[in-house]
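In the two complexes that follow, chain A is the common piece, with chain B as its partner first and chain C second.
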Partner chain A sequence: MRKKLQSYGLNILALALLYGLMSFLIGQGAINKYYLGILLSAGIAIIMAVSLNLTIGLLGELALGHAGFMGVGAYAAALFTKNIGMDPATVFPLTLLLGGLAAAVFGLIIGIPALRLKGDYLAIITLGFGEIIRVLIINLDFTGGARGMRGIPRITNFTYVYVLVALVVAVMFTLGRSRHGRAILSIREDPVAAEASGIPTTYYRIFAFTVAAFFAGVAGGLYAHYVGVLDPNNFGFMKSIEYLVMVVLGGMGSITGAISAALVLTALPELLRQFSEYRMLVYSLLLIGMMLFRPAGLLGIREFSLTGLLSYVFRRCPHAEPEEREMPQAVAQEAPPLRPPVAEDAPVLLSAQRLGIQFGGLKALTDFDVTIHAGEIVGLIGPNGAGKTTVFNLLTNVYLPTSGVIEVEGVNVVGVPTHEITQVGIARTFQNIRLFRKLTVLDNVKIAYHNQMQYTSLEGTLRLPRYWSEEARANARAYQLLRVFGLEKLAEERADSLPYGAQRKLEIARALATNPKLLLLDEPAAGMNPIETQDLMATIRNICDRFNVAILLIEHDMSLVMGICERIVVLDYGQMIALGTPDEIRRDPKVIGAYLGGE
Partner chain B sequence: MKFLQQLINGLQVGSIYALIALGYTMVYGVLQLINFAHGDIIMVGAYTAMVAMTMLGIPFWAATLAAIAVCAALGVTIDRIAYKPLRAMPRINSLITAIGVSLLLQNAAQLIFSPNPQTFPSELKGAPISIGGLDIGFITVVIIFVAVLLMLLLQAFVHKTRMGKAMRAVSEDMGAAQLMGINLSTTISLTFAIGSALAAIGAVLYCSAYSRIAPTMGALPGLKAFIAAVLGGIGVLPGAMLGGFIMGIAESLTKGFISSQLADAVVFGILIVVLLVKPSGILGRRAHEKV
Partner chain C sequence: MKKLFSLLLAVALVSGAASALADTIKIGGLAPLTGDVAQYGIAVREGVDLYIEQLNAAGGIHGDTVEMIWYDEKGDATEAINAYNRLVESDKVSAIIGDVTSKPSLAVGDLAVEIGIPIITASATNYDVTEGKPNYFRSCFLDPFQARTMANFARDELGVTKLAVLYDIADDYSVGLAEAFADQAKLNGQEIVAYEAGTAADVDFKAQLTNIAAKEPEALYVAYYYGPAALIVTQAAEVGLNVPFLGADGINGIETVISDVALLDNAFFYTDHFASDATTDAAVAFFGSFTEKYGKAPYNAFNATGYDAALVLCEAMKAAGSVDFDAVVAAMKATDVEGVTGKLSFDDHNDPIKSAFITTFVDGNQTFVKQQEP
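Then we have the complex of A and B:
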């Protein structure tokens, strides 16, 4: 934390110095009116690009109407200034806030229908929205119609633009590195896994999109009071494309990349005015070329950091010094103890009765009953296609059952959204590993701590004390958890760089981080060799005791299932055909029939 | 009477939307990609036909064939160059190239033909047909007839032929289809070719009816056709037709009875309502994501 604060201080100092230098140059006339104009336009473009990056780069949704939000903010702010009847310069910050809020309201209206759904509806809706806003502005009276709105006082100056750019960029960084930012990133990486880790994905989709709209509205307010005349055609689809090009060129997800691209793409057309008719042609080629040959952007996704640069210059060390961590005391890796049998009267954790689901005419599961007691390890086996994973999908409400009830500690959870199931105490892994591939191992685990932290997005953005204490605690717990799985040395690696076995373990660690009472493991030993499987068996026993969880295990490796499960449920063709201890299952003629064929 | 007249206008424009929507829905069904460039294929078809007729002096029917050939080839080329290399990437990447291709076509056309609208030489002229005091323009009859005929042909192709079966298989499960020996590449190319050919026919009909032609002419009909596809149920062929007709009728009734300025806003209003009420569209099935 001290290192972090030092780095914040350093950045603030550098920003203040740059501000002083620039104001001095403007005051001296070294930067004349023309260059100042370009500078202000570039600043506004930076706010637009950085906020659009939140939707496109961090959330991973394509939005094509960002200029439309700018338009809403511009007109709202201009109308406020013209009608307030007070000195517009003194209320300017309030004006900008209003512009942002107006845009945010429109963002909500569009985001709710488009982002509740899977698929690319946001692209189409925002494309339509950009045009509708333009048509509405042209056809309404109070906006000045097609002639535009004139006579807006020119209040925007270098200070306003500079401070706001710095603020918006800072917010993007701090928000991006808080539990809320991680939630947004997790949706980009894998919405299904995010939901299963307890992230309310719809909420965060709409949240990110609305925040982006808000900042576009603020930029609109600045723009209106910079140019003084608003032309509705300046907020159409082509303008939105310009901002899209900035984000793509800078590298989707990179804030510093978006800033550089915004600077270059504002200054360059000014210098190359005679080629202006080719500009859109060049932009279209840039979009295609970048996606085909350099999808990570010109600079890649790495962020420029002042602290990193300084330590490089002074120590000739290519990476910033790793942050000191509040490491937990080593947890002794004791041998897994022999498990005492679970008491007969252990409380019932989960009970499912007459559970069934139909896909069209196919009955994937019928009349499935299961009861799991606290601390128990239950196996779920059956031939391929028997409906095992379907059981998991029903228990976590990825699918809604067509019949039956699921009770967790006596409370019916049918119809409860998946991310809330996690909070009730059920966590799962997936048959095909679903990690947040481009995020670090540490972040993969910390995303699952989302609901165990309470700080608000405002506290996270402003770095208030609760952010520090909860993040430190989450870090410590994440390291402790990773240590159990022997992954703590890999904490800073990208999840997709891990070997297969480690990825499987990380997925279990992530599931455990949600603090479950029941852990659903979907073929954890798939693709492992016998030694790895042995190791996994020990780990599963170990976590069952250490974390005090019950486990429902889907597995094809019979030695694993027979070795650690206390009871086994056998499914075939969506029907439960046997339930009992490993010994009973081994001798059950129906089970033998299902696996080996015959009567 | 005015209502009936608007209804027929709606059917006319709706037929064209339906033809374009088929291209969107076929590509979406197979690749789950919104092919933003599809609207601009219309524009390319229109200019091809115009150049063929005015500069090369080719008769109308041959110019239509030329437009079909050029658009089909263009559709396949776009897929090969801009979408195919990105199939394994996140979907947003191909969406961005799709936008890029759309802009490229528009801006290239502006440089070649100038941004100003031109007049399309319409050859589909004939006496209006009178039914019970209602005059239906010759071109209207032609458009509706051709559109319905093409949709029936497409439906027959998809359900009765070997290639059609392959297309349905790929849209159901690409991996499984490949394992069954279906050539993915050919099938996807065929999808783009057929969709673009239908767009070319839609373009010639559209220009014959409205006679105006401009580099950005494809954007709005393309967008509306996409909404029609969503309305009917994206990925479902009869849905695209139904959606096209509904969109056309809704638009022309709005123009006739409320305000022509608001017609576009109503169209997007429909999209928002559909997404809120029945996101899978009228004829669509709810897709279960495999977890």
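Then we have the complex of A and C:
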């Protein structure tokens, strides 16, 4: 934390120095109105690009109507200024806030229906909404219609733009590195896994979209009071594309990348003025060239860090990235009794009765009954297509059962949203590994701590004490958990750089981080060699004892199933055909029949 | 002593002459040269560049060469501000010709009025562009102006007194034309016997035309662009309304879309900024030199208004004898020149007082009728 605060201090100092220097140069006339104008346009573009990056880069949803939100903010702010009746310059911060809020309201209205769709569909929907905003502005009377709005006082100056750019960028960084930011990132990486890790994905989709719209609205307010004349056609599709280009060129997901691209793309057309009519041609060629030679964008998903640069320059530690290096030794000593141990005569944890689901005419599962006691390891086996994964999807409410009940500790959980199932105490892994691939091992685990932290997005953004204490605790716990799996040395690595076995383990660790009472493992040994499988068996037993969780496990590897399961359920064609101890199952004629065919 | 004095005088003269030879006056040009509205920007620039070339060939402004510095602004207000700032701050131009479309012109105008730099647009017809900006002029006429001029033409040349108006209620351009035409007609003592509205989306104007025909007007003012106007002319013939049609600059091009061009011959009269077959000396000379320089005839009224904008500005600089902002603005205000679009001076609002070109059709070709004084 101290190191982080030092780094904040350093950045704030650098920002203040830069501001002082720029103001001095502007005052001296060394930066004339022309350069100042470009700086202001670039600042506004930075806010637009950075906020769009939240939707496209961090949330991973392609939105094509960002300029529409800018338009809403611009018109709202301009109308406020023109009708306030007070000196508009004194209430300008309020004006900008209003512009942002107006855009945020539109973001919310559009986000709620639109974000149910994904990918291309969302792109088309946002494109449509962006156009609707433009057409509305053209057709409404109070906006000045197609003639545009004029006579807006030019209040936007260097100080406003500079301070707001600094604020927006700071918020993006602090928000991005809080539990809310990680939730947003997890949706980009894998929404299904995010939901299973307890992230309310719909909420965070709309949250990110609305925050992005808010900042676009603020940028719109600045724009309106910089140009003084508003033209509805300035907020159309092509403008949205311009900002999209900035995000893509900067490197999707990189905030500093978006900043540099916004600077470059605003300044470039001005630098190319000597090419006259051909400058847009040259500009396009440069864009194509940049994309060819740097397809991941200027910075990829990396971030420029001043502290990193300084320590690189001074060679203090060549790899300074202070955040994740904080592995507080003292806290790490605490053993992880995350839950009090359960008694020997374990109570019933989960009971499913007459559970069934039909997909159209196909009965994927009928009359499935199972009872799992606390701390028990139960195997779920059956031939391919028997409905094993369907059971998992029913227990985690990915599917809604057409019949039957599921009770966890006596409470019916049918209909509870998937992301709340983790709070009930059920966590799962997936048949095909679903990690947050581009995030670090540590972040993969910390995302699953989401619901165990309480601090709000505001506390996270402002870095209030609760953020620090909860994050430090989550870090410590994550390291402990990783140590159990022997992954603590890899905590800083990207999840997709891990070997296969380690990825499986990480997925289990992530599921355990939600603090479950029941862990559902979907073919944990798939693709493992016999030695790895042995290792996994030991790990599963270890988990069961150490974390006091019950485990329901789908597996084809009979040595594993027979070796660790206390009871085994056998499914065939969606029917439960046997339930018993490994010995009973081994001798059950129905089971033998299902596996070998015939009686 | 006398010798010394004459020596000094000679030195002064020589150095004066030398400095005059070396001086260039920079004029900034703002126009969309790329993008959606580039056609207008390029049209203006061609007109301006032609004038400046002729001016420099003829000795410039009191011996000073004029250099045009053009910047593209893509029709975008933000770019226009950047380009304007660059012209003023970095290139230190003495005056500006531009902008071309209304919104960038408004954005630039708010900045220009702060420093009082002489600025003239050849094409921005938005009334507010010159509003409250004593240093902002324009060389194109406004929409109400051409409607009033047409009412006068109807009285003076056609000698008609019973007029009808058909306009598009959903279009500012059309409503503005219709109102101004009716107002002027009443002032002229002419009678508006019918005042009918439709929209540009209509394809059938027969209901309105039948109403109009019933009132037996002597001419019909069609406040539409050329597309709907072509339909109106055709349908008027079908309902038996055979009167002269009157229109504004939006009619330009009607002969290319109408099904039967014969309906237009000596029947449709419209006002325009310029007519390429105009017979005034200035217009004929312009036509010739433009064709020579660009290898094509003037194709857009803004070729001519651009030429006139440069003319007005440079004449004012000559008259002021300096490039001092206030002196040039004052000289522009007092403008009284013969441009290619006619005799030109400015009213209190810095809008031109000039003649409009009345054009009709002969054998389906645009044919210049006369320059109608306001």
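The criterion applied here is as follows: the second predicted complex is superposed on the first by the 544 of 599 C-alpha atoms of A that agree within 3 Å, B and C clash if a C-alpha of one lies under 4 Å from a C-alpha of the other, contacts with A are read in each partner's own complex, and residues count from 1 in each chain.
The definition used in the following text is that a residue touches a chain if its C-beta (ideal position, glycine included) is under 8 Å from a C-beta of that chain, and two chains touch if they have at least 3 such contacts.
Remember, it's a predicted structure, so these values are computed and weren't measured experimentally.
By the document's definition of touching, neither partner reaches A:462: not chain B, not chain C.
By the touch criterion defined above, A:89 reaches neither chain B nor chain C. Looking at the shared chain after the overlay, A:33 reaches chain C, while chain B stays out of its contact range. Touch criterion met: A:280 reaches chain B and chain C at once.
In the superposed model, A:228 lies in contact with chain C only, and not with chain B. Of the two partner chains, chain B is the only one touched by A:120; chain C is not. When the two complexes are overlaid on their common chain A, residue A:17 makes contact with neither chain B nor chain C. In the superposed model, A:430 lies in contact with chain B only, and not with chain C. Taken together, the two complexes place residues 277, 280 of chain A in contact with chain B and also with chain C. Residues of chain B that touch chain A in their complex: 32, 34, 82, 85-86, 89-97, 99-104, 106-108, 111, 223, 226-227, 230, 261, 264-265, 267-268, 271-272, 275-276, 279, 288-289, 291. The part of chain C that touches chain A in the complex is made up of residues 33-35, 70-72, 74, 76-79, 81-83, 85-86, 88-90, 102-104, 106-107, 110, 126, 128, 172. Those residues of chain A lying in contact with chain B across their complex are 56, 60-62, 64, 112-114, 116-121, 123-125, 127-129, 131-132, 135-136, 139, 188, 192, 241, 244, 248, 252, 277-278, 280-281, 283-288, 291-292, 295, 359, 389, 393, 398-399, 430. Looking at the complex, you find that chain A touches chain C at residues 32-38, 41, 146-148, 150-151, 154, 223, 226-229, 231, 234, 269-270, 273, 276-277, 279-280.
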